[in-house]
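First chain A sits with chain B, and in the next complex the same chain sits with chain C.
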Partner chain A sequence: MNPPNPTAVAEAPPETPPRRPLRLPRDRHAIVDSFFRFQSLFGLVAVFLIAIAVSPVRNGENVFLSSGNLANIVRAVSEIGIIAVGMTFVILIGGIDLSVGAVLGLAAVGSATLMVNSGLGILPTVLIVLFIGTAFGATQGAIVARLGIQSFIVTLAGLQAARGIARMWSGGLGIPIAYGDGPQEAPEAFSLLSGSINGVLPVPAVLFLAIGVGALLVLRSTAFARHVYAIGGNEKAARLSGVPVRRVRITVFAISGLLAALAGIIHAGQLNQGSPNDGAGYELDAIAAVVIGGTSLAGGSGSMGGTIAGALLLGILNNILALNNIDANVQLVVKGLVIVAAAALQKLRPRIA
Partner chain B sequence: MTKGPLVRMTGIGKRFGGVHACRDIDLTVTAGEVHALLGENGAGKSTLINILSGVITEYDGTIEVDGRTVAFGGPADAQRAGIATIHQELDLVAGLSIAENMFLGREPRTRLGTVDTRRMRRQAAEHLRTLGADLDPRRLVGSLRVGEQQLVEIGRALSLDARVLIMDEPTAALADAEVDRLFATIAELRRAGVGIVYISHRMAEIEVVADRVTVLRNGGVAGTVDPRTASRDEIIQLMVGRSVDALYGEGRNEPGDVLLDVRGLAVTPRRPTPGRTEPAGVDLTVRSGEIVGLAGLMGAGRTELLETLFGAGGAGRRSGAVTIDGRPYRPRGPRSALARGVAFVPEDRRGAGLMLEHSVTDNVVLSALSSLTALGVVRRTAVRRTVAEQLRALAVKAASPAVAAATLSGGNQQKIVFAKQLLTRPRLLLLDEPTRGVDIGAKAEIYRLLHRLADTGMAILLASSELPELLSLCDRVVVLHRGRTVATLPRASATQQAILAAANGDDAKEAR
Partner chain C sequence: MRYARRAVAILALTVLATTSACSIEKDEPGSGTDASAKCGSGKDFLIGMSQANNAEPYRQVMNDDVTNAAKDVPGFKVVVSDAAQDNSKQVADVENFLSQGIDLLIISPNEAKPLTAVVKKAYDQGIPVIVLDRKVEGDAYTAFIGGDNVAIGRAAGEYYAKTLLPQGGKVVEISGLPGSTPAAERAQGFREGIASNPKIEIVASQTAEWLREKGQSVMDAMLKAQPDIDAVYAHNDPMAEGAYLAAKAAGKESTIKFTGIDALPVPSGGIKAVEQGRLQATFQYPTGGREAIDMAKKILVDCATDVPKTTTLGTMQITKENAAEAYTTLGGKQ
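And now, the complex of A and B:
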C-alpha cells in the first residue's frame, strides 16, 4: 500500500512486530533511501536549527524562538500552505494548477463584496466563496480531463480569467472590510481570522495544520488517494485497471480550487480587505513548497507531509532572513537556491533497488 | 562490391543467460538481392538483426563486409560500413521537414556555418526521386502517411550510402497501395545494387519480393530456400518444425454455457489511426471454462478486438452484437467492463499494465480497491492479506510486497498484472500476448494458471503470435485477418499449417 510517502512508512507488515522505521535497515541503501524519503523533514529540522543559531538575541532572549515570532511564521505560511496542500494533489496526478493565486484573489474580493456590499452573513459568504472556488477548479479539471489539454495551459488561462472576474467584481479596487452591525459593515466575527487562540496560536495556522493533517490522512488511507497516485504513476495502466481517471482529475482540481478559495477567505480576514490583486505569485510559492517537499512534478510520487514541511521550511527561511535584516531581494535568491537544492537532492535519490 | 556477397555472417551465436537466442547462423547478402528472414517470434530474427546492425556488439562468429571482417562498436559503426536499418517503429522527428530528417545530425553547412538549406533540399529531393516518391522535401514528416515516412527513412539510408538495408516488418503498418509502392521502391533499390534483408510474417509478400528465404527456428537456421520453387507449405513446415512440448499441460473439463458471444462486431473509428486495424466483422463465442485463441498476422486486429471488448479501444461507431450471458454488452470504458466481470491483461506490460515505480502491493490492489475499502478508507490489513494470498497463489518472486514493480523480472511483472486483474473476480479474461518477454519457466506457470482458471469456469480469450502456444492451450482458435474472422478452428483440426494458411489466406488472393 505504500506509495513513496514518508508517512506511510510507519505501517508494519503483520508478522514483524517492530514498525518499519525502527527496524534495522537491511542495508546501507535502506538508510540512504529513508534519508531521501524524509528529505524535507531533515531539511526543516536543519533550517530550524540554523535559524536558532543565527537568530539575533534581544534581552537575552532568542528572537527566533520567541512565541510571538513562531506564531508569526505559521501565520505567514498558512495561506501558501493551504494552497500547497491542494497543489500537492494536482501535482501527484502529474498536473499543475497555476490559477490558485488568482482564485485566492477572487475569493478575497468575493468575501469582502458579499459581506460589505451585499450584507450577507459569514456562513452564506463563506459557502458561496468556497463554492465559487470549487466550481472554478472543477471546471478547469473538466477541461483538462475532457479535452485533454495540458493543465499548465488550462490553468494559465484560468489564472487570467479569475483575475479578470475579480477585477470586474470589485471594480478594480480593493474593498476594505469594516466591522460592525451597520450597512456596509461585515460581522465582527469575521475578524477572528486575524486573531489567535489563547493569544498564541493564530487561527489561520490552526486551519492550515488541520487541513494539512486531514489531507495527509486522506492521502495515506483512501482509495481516492490510491487512484491519484496511480494516475500520476501510469495513467494508461490506471485507466485499464478501472480507475475513474476523469472523475479523479476533476476532483483533484476541484480540491485545489476549494483550498485556494479558503486561503482567499483567510486572506481577506487577515488584511481586512479583499483586493483583486491579492495572491499574485502565490501559485509559485505553493509549487515551491510542494517541490521542496519531495513531490515529483512528473506525478505519482510524493507526500503531504513533505509539502507541509516544505511550506514551513520556506516560512522559517523568510523569517530568519528578515530577522537578520537581510535584503528582501537576497531572500528571493536564497529561496531560489533552496528550491534547486531540494530538486537536486531528489535527483540524487538512488533509483529503485 | 563486385564479387562475393556484400555481407557474410558466419557461425553467429548469441546467448542471453542460459538461452540461445542465436546458434551457429550463417547468412549472406549479395548486391541486388532481397533476402527474406522468416521465423516465429523468438526464433532469433531480432537478435540476428541487432547483431548485424551493431546494436548487439558481443556475439560468437564473424561478420564480413566486402570480404573484410568487421567488429561494430555500435549502430553508428554499422551505418558507416553501409548497413542501415529501417525499424518497424520509424525513427523520425515529426516536427521537422523531410529534408531535415534525412540530414539530421549531419546537415550540410554553408561557408558561414549556417545550415545549407538549399543543398539539403536538393539532395533530399534527389533521393526521393530515386525512390520514385513525389514528395516536397519541405513537408513536415508529421504530415506524411506511414508509407511515406518509411520512404523518408529509406531516403535517409540512401543518403548514408547504405548498401545493405535491413527492413523489419516494413508492411506491418501499410495500406495496400502503400505496399505496392514499397515493392516498387524495393525493385528500384535492387537495381541500384542494394542488398536487402527483409523480415516479414506474410508469406504472400515474401513470395513476391524475395530472392531467397532463410527460415529461422529456435535460434538456428532451419533452411534456406528459393521462394519461387519452394511451396508455401514447405516454408511453413520449416518455420514450425515438429516440436510441440509438454510445456502446455493437459486437456480439461467440458466447457459450459456460452459466456461471450460476438456477432459481426465492427468499429468505424472516429479518427482512423494508421497502424490500427479495428474490428471489421468479428464472429466468435467463448464458453465458460473454455480457452479460445486469437490468431492472426501482425496488423490483423487482435489487440484492437480485445481492447474493444474491454471498452478501451479508440472512439468510434460500433456495429454488430456482443452479449455476455445472453445480455447485451457494450462497455463504455474499462470500468464498466470490469463491472460486467471482464478483465484484460494488455500486451504492453510496462506501458499499460503496471505502475513500474510503485510497489507490488499498490499495483496488485489497484483494480479491486472498492472491495478493500470501508467508507473510502483502504483497509490495510485486508490489503496486506489479499496481496500476500495473491502473491503466494501465483508464486510471485519478489523481495517483499513493498518493492517497486520495476525491480521484478518480466515473468513476475506479468504475474502482478494477472494478480491485479484476477482480484476483480472476472468471468471473462482477455489476454493479449500474455507470455511475451517471459522466460520459459514463468511461461509454463502462466499456462498452468490459465488451465486452473478455466477449470473454475472462467472464459478466456487469448491472443498470441506463438502458434504452439495457441494450439496446445486453446480449445478453439479464431483466426483474424484485417479485422475479420476468417476461420474458426476447433482443437482437433487446428494445426500450425491451417492457422498460417488461414491467416495468410486472403493475402494470397490480394498478392500482386
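And now, the complex of A and C:
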C-alpha cells in the first residue's frame, strides 16, 4: 500500500476513514493506479464493447454476441489460456518456458498412442500423459535451479527435445483417434473433450476457466504464491529470508509442464488426432496473453486474473477480426500492435512513492 | 513442500469438480436446411474459403484462383481465412464462417482427421462443402476436387521416355518430403511413365523435402557421386531450380536437363523457369480454385443437386513452346 499523497490528503474530507485494503480509490493517483493494475480487465471490457459495436448483424442478431460464437471464442482460446496460466507462474519468478507448445504436441501424441496403439483406458492415459508433462517440466526446473542456466536456454533445449521425442514416438506422422470398443480404437468418452456441457459450454472452455480460477486462488492466498512473487521480485533477498528458491523453481516449471500436457490432452480430444507438430508456436501466444495481462517479464509483478483476461482478449480480437473478414496478414499486424500497446501501458504506469 | 502440494491439489480439485459435476453432451450438429433452398440467380452469396496455409505459394495461387474466378460471377463474395498450418486455427476459422452465415464452404484442409468433424458440422447444417486438394475422412461433404499425382508423375515419365531422353540416359530423382503422399505418388507415376523406355535408368534418388535450398545441396552431393547425369527429375519446381543452381556452380548446367512439377503462374514459379530456359519442362499441379467456383455457381445459382462427388483434374505439360501462353492462361500477372 502506497503512502497517501500529501496534496490528496489535504483535499480529502476530514472524516475520511483510515486506509483499508480493497477500499474504493478516493484520490486521483489511486484511480490511475487501479486503472493500470486492472488494465487487462479494462482492455477486455473495451475490446468486448468494440466487438459488439463493429460486429456484423445477421437476421437482426448481433453475430458476435450469439451464444454459439461466444462459446467458440472461449473454446478457441482454452488451450492457449491453460498454457498461459502455467506460463504466468514461470514468468512471475522471472523465468520463461519456451517448451510448452512442444510439450503440448508430445502430450497429444502420447494421448493418441496410449489409447489407440497401446489400448489403455482414459484414466491411465491421462495420468501417464500428465505425469510425463509434469516430469518434463520439473526436469527443466531442476536444471534451471541446480545448474543456474537461464530458463530461456533450458526450455529452448526442452522445446527441441520434446518435439524430437514426439516425432520418434509417433513415427513422424499424426496418429488419428477413432472411437469404439475394438482394437486400435479409443474409448468413446474421450471425445467428450470436444463436447459441450448442457450443449452450451464447451468442455475445454470450462476446464480453462476452472483452472484459471483455481490458479487465481493459489496466487491469492498461499505461501507458495508469496514465495513466487518474492523470488521474482528479488531472488537474493528471498533466499536470505528463507524462501526455498530451488524447490519453488522446480514446482513452477512442473506446473507449467503439467498444464501444457493437459492442454495437449484437450487438443487431441478436440481434433481426434495426436500429431507431433501440434502446438507449434503456442508458447508465443501464451506469452502474449501473459504480457497483455500486465505481468512483467522481469518477474515479481502481475496477476492471474490479468492472464485470463489477456487470453480472452486475444480470443475476442481473433474472432472479431475474422467475423469482419479482415485480411489474415492485417490480423497479424493488429495483434502485434495490441501486444506492444499492452506492454507500453505497463511502462507508463506511474511509480507512486 | 506443503504449499506446493496444496497448490497442485487446488488445481487438481477444481478440474475434477468441474468435470464430474456436470453432464457433458457431445455436440450434435444442428439440422438447418435453409442453404439449399436459397439457391437461384440474382441473389447474393457469401462463400467462405478456408485455406490451410497461405505461406505456401501453391496455396496462395489457389486463393487467387478462387477469388479471381468469383469476381466473374455476379453476387458471389468470397472471404478467405488462413489457418497458418494449425489444425485448431482452421477449425476456428470454419466455426467463424458458420457464425457469419456463409452460403457455401470451400476448404483446403491442413490435415484430414482433425478437420473432418467441423466439415461435417457445416455439411449437416445444409451448407454445401467443396473440399480442395487434400481430403477429409468420410463422405460428409458435397464434392472433392483435386489433382492426380500419379498421373502427373506418369506424364513426366512419358515425356522423358519419348521426348527428353529417347536414346535413354541416366536420371537422378530429387523427391519431396518422405512419408508425404504426393512424393510417393509422383515417384510411382514417373516409374510407370519411363517403363516404355528401358534405356532410361534412375541412378540415384534423394529427398530435398520440397525445398529449393535442399535441392541445391542434394544436387551438389549427387554431382560428385554421379559424374555423368543426363537429367534431373525433381518432384517440384523449387527443388529443380535448386538443382540447376548447383549444376551451374559446377559448370554442368548446359549438359544436364532439368524438369519440375507444379507450374505455378507466379514470377518465381516453374513456368517462368521454363520460359527462361532453366527447366526443360514442368507439369502443372492444378489448384482446383477455378473449378471450385464453377461448381459453386452450379450449386448456388443453377440449383444443381447432382454435382460429381469427386473431380480429378488433369495436368498440363509446359515446355518452352507454350510457357508464355500458359502463364497467361493460368492467371499469372506479368
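We adopt the following convention: the second predicted complex is superposed on the first by the 327 of 353 C-alpha atoms of A that agree within 3 Å, B and C clash if a C-alpha of one lies under 4 Å from a C-alpha of the other, contacts with A are read in each partner's own complex, and residues count from 1 in each chain.
Simple rule for what comes next: a residue touches a chain if its C-beta (ideal position, glycine included) is under 8 Å from a C-beta of that chain, and two chains touch if they have at least 3 such contacts.
Source: prediction; values computed, not measured.
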Inset, instruction - Have a look at where A:128 lands relative to chain B and chain C in the superposition and call it first, second, both or neither. - result: neither
Inset, instruction - State whether A:241 touches chain B only (first), chain C only (second), both chains, or neither. - result: first
Inset, instruction - Using the touch definition from the top, say if A:223 reaches chain B (first), chain C (second), both or neither. - result: both
Inset, instruction - With the two complexes superposed on chain A, say which partner A:68 touches: chain B (first), chain C (second), both, or neither. - result: second
Inset, instruction - Would you check which partner chain A:142 touches, where first means chain B only, second means chain C only, and both and neither mean what they say? - result: neither
Inset, instruction - Return first, second, both or neither, reflecting whether A:273 touches chain B, chain C, both chains, or no partner chain. - result: second
Inset, instruction - With the two complexes superposed on chain A, say which partner A:345 touches: chain B (first), chain C (second), both, or neither. - result: neither
Legend entry - Per-residue contact with chain A, leading partner among chain C and chain B: C
Legend entry - Set intersection of chain A contacts, chain C complex versus chain B complex: 222-224, 227
Legend entry - chain B-facing residues of chain A, complex: 1-4, 11, 13-14, 221-224, 226-227, 229-230, 233-234, 236-244, 300-301, 352-353
Legend entry - Residue numbers on chain A that touch chain C, as the complex places them: 56, 58-59, 63, 66, 68-69, 72, 75-76, 79, 172-174, 176-177, 191-192, 194-199, 203, 206-207, 210-211, 213-215, 217-218, 222-225, 227, 247-248, 251, 255, 258, 262, 267, 270-273, 275, 278, 280-281, 318-319, 322-323, 325, 328-329
Inset, instruction - Mind listing the chain C positions that touch chain A in their complex? - result: 1, 3-4, 6-8, 10-11, 13-15, 17-19, 22-28, 54, 79-82, 84-88, 91-93, 95-96, 98-101, 111, 113-114, 116-117, 179
Legend entry - Interface residues, chain B side, partner chain A - complex: 310, 312, 333-335, 337-338, 344, 346, 351-359, 361-362, 365-367, 369-370, 372-373, 376-378, 380-381, 383-385, 399-400, 402-404, 406-407, 420, 424
